[in-house]
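The following blocks contain the structures, represented as structure tokens.
The following pair of complexes shares a single chain, chain A, combined with chain B in the former and chain C in the latter.
Moving on to the complex of A and B:
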């Protein structure tokens, strides 16, 4: 009888433990996602201020946001800058990682260190540095400069992601391809890149997301053509407005869809 | 009347001429020379660190030699990259392209050679048939077993019709039964394709089963090379003798030489045996390049199956006490030791096994004893 009781008590303990764990996880997610949930909720606010109490729902502000040329063109700019800088970051990071993984040379550790160093430099310094250099060279602030700053910021990340994915088994696959007559560009494009595809896609998405979000250097280095974060900042200066909530929600759902899509792609590749 | 060409290099399909490979603080290969005729199955045999893989890599073009020349079909390929050489390699871990199907793996090299799609398709199915994977063309690499991957790697390398196929421990990752099966397959495929194969292994049984020419390597040098039977029965050096299988080794000094028969003075008494052939000898009797001096240290090598305990069988080699017997199925391995500390290993028929503690008198024929120089160091 006592054995049954102990087991019963043990069951309770386990239940409490599980309950606590679940509560803790729920609290964590709540902490992370509550602001987003609030943002999304008040984008449907039927009123001029995105603050409680909630009235609505209405799609009025979504209509407003989509009719706002300034916001839409900023979104377009952000997309171009994000895709362009992410693509170049991944290409450069991949090639740097490839070179360091496949060849041995003097000063290799130093080169590796210098490549990842920009990760430790604050965005403000990167932005100011580029601004100073641009004015020294008489180049006006533009989206090109924003793009360059995003490559400076994101390339080390792409490099680190690619570096972590290289292994000796791939070296022999590349050797096999070269042995069968493939030139180096062909080996890279037909063997290395497809083998690394999951890492490359992940690096691209990460770089794109970071570029899409980046405000500081984009603010410093752009003038007439601006990116979405700079445009939203401009809107916020005029006070809180559910329109910014609407545009924020759209950006959030877009990014979430992208991340889910990438995950699905990679998952499907692995399981096949 | 035709005048025969003076150069012997033209008759050799693969020539490795005085090739060395030095790494900082390390010598991987030291003045290695090797000549192989077309259609031969060559096995490079040796322990790890013997330089066999380095030699294969030099032939394939993945490593450049510090000095020396490599010729294939008479053409100097020493400075050519792997892609430009008429060789392909089967890697130890197969190195198949994981993102491609079986057929696409085999097709890869054919595409690079500019074959039309129809011709490629025909060739791929031929190769799949050759390696016994006829129905597996559309499978993904991940879905294959180790043995099947091995076959795909073989088909991919052979599809481009290389002059020489290089195999780097191709059977090392397979279990024993599968390894023996793949050995037979390799042998059949090599005969069928009639190409030169160069195969690296540390398994002497594998080497003997496959090779037309065994090259025994140690410490970056060729210890011995020749047909398997010759290298096993009549090894040129003590290392080759030891690496090719079990033997009884009796040390002594050279007492007399009469043609190829050498008399060795040992603690077991005088022992007559055949002089070891020169390294690289194709037959048992090629001993010309050796010089023997009376009084030099030498070792008599006797394979276990050539020692009998019956009287009137060649010469008696002292007496020995049986210390251990090991049942091996169709024979029994007998370990014995003489009063002077000389150990013997012999194979005895399962019917008439001496018991531990018995005294035996080992006998061997002069022809079954090989006298090799004692190695320095």
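Moving on to the complex of A and C:
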């Protein structure tokens, strides 16, 4: 076979390969985006059923969703639980990551292992455990318990993110500040936290979105005041309803924007 | 190791102080509840006595063994299908021309992650409904004449799960594919290996960590999930988390629910131990 033929054959093969790759990616994207596309499209449905045929765009269901007191108060609860649990998760995770990165002590591997353990257990177990303990201690279900469970779930993640972003170069700056007379809390607040800001913000956003979206422990551990996913769960009992599409679309766009923001922060940190 | 061993007790104090809030939190709200769950699971609510009766029931009563079986088969099908579908996607994305395009494709591939978890299953209900877009499209193409009954079935549950875990597996597999040194594959080709052979003996083995992490996360998240089977499954093949929730909501039987949750935890621990070898971060020099 001559060199030209080889190249010719290679060219064809390459073309087929590229075609297959593109086709496969396109097919997967269709599958991945199908539910989101249907959800968003039929949130604008001018009719009672969010299925074809599409009757034309209306913002009616968005208005309905935003006028639904139950959904709105649930959204408020989700926001408070999300922000509160994310804040505490990041603080606890950051402190633990700092302790493990800057000090040496016995049992470090064990501590590290324990701190990430909840990540390997399903939410059902975390929720069940707290439910059993609460009923044992005669504590009524409430948003406090939901918040506690979300910290158990998200703190390991915040810890892992902070741990990954600590590096030895930062130690020198901390030492310099300490040499110049800064106390430990001051070093932490004025040197370490600003240096770690992108990771901390990314961890916060991630914990917030996960808490915002968490259903199972919120369902188990709350009763009268509920979070948004539990309220949406309640809506589902009424069957298919464009109002659910509307609230779902709003949550999707909000969460996607936050997630892209968090990724941008982490990516920027890595490339700089 | 040496350095750690020679640390004095006084020096280890500050480090322990920093980790103690997080440790105490997990002790109080994760470890203690788990212990409480174990204690409660040993309590028989019918007779008021302590023993392993609840566990015996989980493994002997038909309703529970069925649920256990359904959970295991569902998880196995979902884990395999997700990996098989996600691998080519991750591979295709990793073979795109520039790093920027790859990153963009990856970001878009996981964007539906951010739909609310409850809403995602609901959205599949819409897609698969008898009058939904999928059936409408298939009928318009003349492939079927009566709508497929896809919604409210185990197939629907599987589709909903696979949709989620394709995204997850693509992330983990892509992450390990891009870490492989391209020179290894080039060297294999230079030495005369075919493209297939190169893939099978170089690329695939080196991407096993990504596969293992994806598989592990899929198993844990799938077997412990209540929402997807509850919304999409139509109460046909009930899985373990659904029976757990039924015990809590209908029968108010926390001991039984605890016992079943612990069985779930043991299954997850087994999955972890089986995949541990691959999950451990690679030590330098190994």
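Throughout what follows, the second predicted complex is superposed on the first by the 233 of 272 C-alpha atoms of A that agree within 3 Å, B and C clash if a C-alpha of one lies under 4 Å from a C-alpha of the other, contacts with A are read in each partner's own complex, and residues count from 1 in each chain.
FYI, contacts are C-beta pairs under 8 Å (C-beta built on N, C-alpha and C of every residue); 3 or more make two chains touch, one makes a residue touch a chain.
Just so you know, these numbers come straight off a predicted model, no measurement behind them.
Model built by superposing both complexes on chain A: chain B and chain C fit together without a clash. When the shared chain is aligned, chain C comes close enough to touch A:128, but chain B does not. Of the two partner chains, neither chain B nor chain C is touched by A:110.
Once the two complexes are overlaid on the shared chain, A:93 sits against chain C while remaining clear of chain B. In the superposed pair of complexes, A:215 makes contact with chain C only, with no contact to chain B. In the superposed model, C is the one of chain B and chain C that contacts more residues of chain A.
The superposition-derived angle at chain A (between chain B and chain C) is 100°, Cα centres, a multiple of 10. Of the two partner chains, chain C is the only one that A:102 touches; chain B does not reach it.
Here the smallest spacing between CA atoms of chain B and those of chain C, following superposition, is 6 Å.
The intersection of chain A residues touching chain B with those touching chain C, taken from the two complexes, is empty.
Considering their complex, residues 21, 24-25, 28-29, 31-36, 38-39, 42, 49-52, 91-93, 95-96, 98-100, 102-106, 108, 111, 114-115, 117-118, 120-126, 128-133, 135-136, 148-149, 151-152, 155, 159, 209, 213-216, 220, 228-229, 232-233, 236, 240, 244-245, 247-248, 251-252, 255-256, 258-260, 263, 267 of chain A touch chain C.
Every residue of chain B that touches chain A in the complex is listed here, in rising order: 60-62, 81-83, 87-89, 91, 93, 95-99, 108-109, 112-113, 140, 156-157, 160. On the side of chain A, the complex with chain B involves touching residues 169, 172-173, 175-183, 186, 190-191, 194-195, 197, 272.
In the complex of the two chains, the chain C residues touching chain A come out as 3-5, 7, 11-19, 21-23, 25-26, 29-30, 32-34, 36-37, 40, 85, 88-89, 92-93, 95-96, 103, 105, 107-109, 111-120, 122-127, 129, 131-134, 136, 163, 166-167, 220-221, 223-227, 231, 241, 244, 248, 254, 257-258, 261, 264-265, 268, 272.
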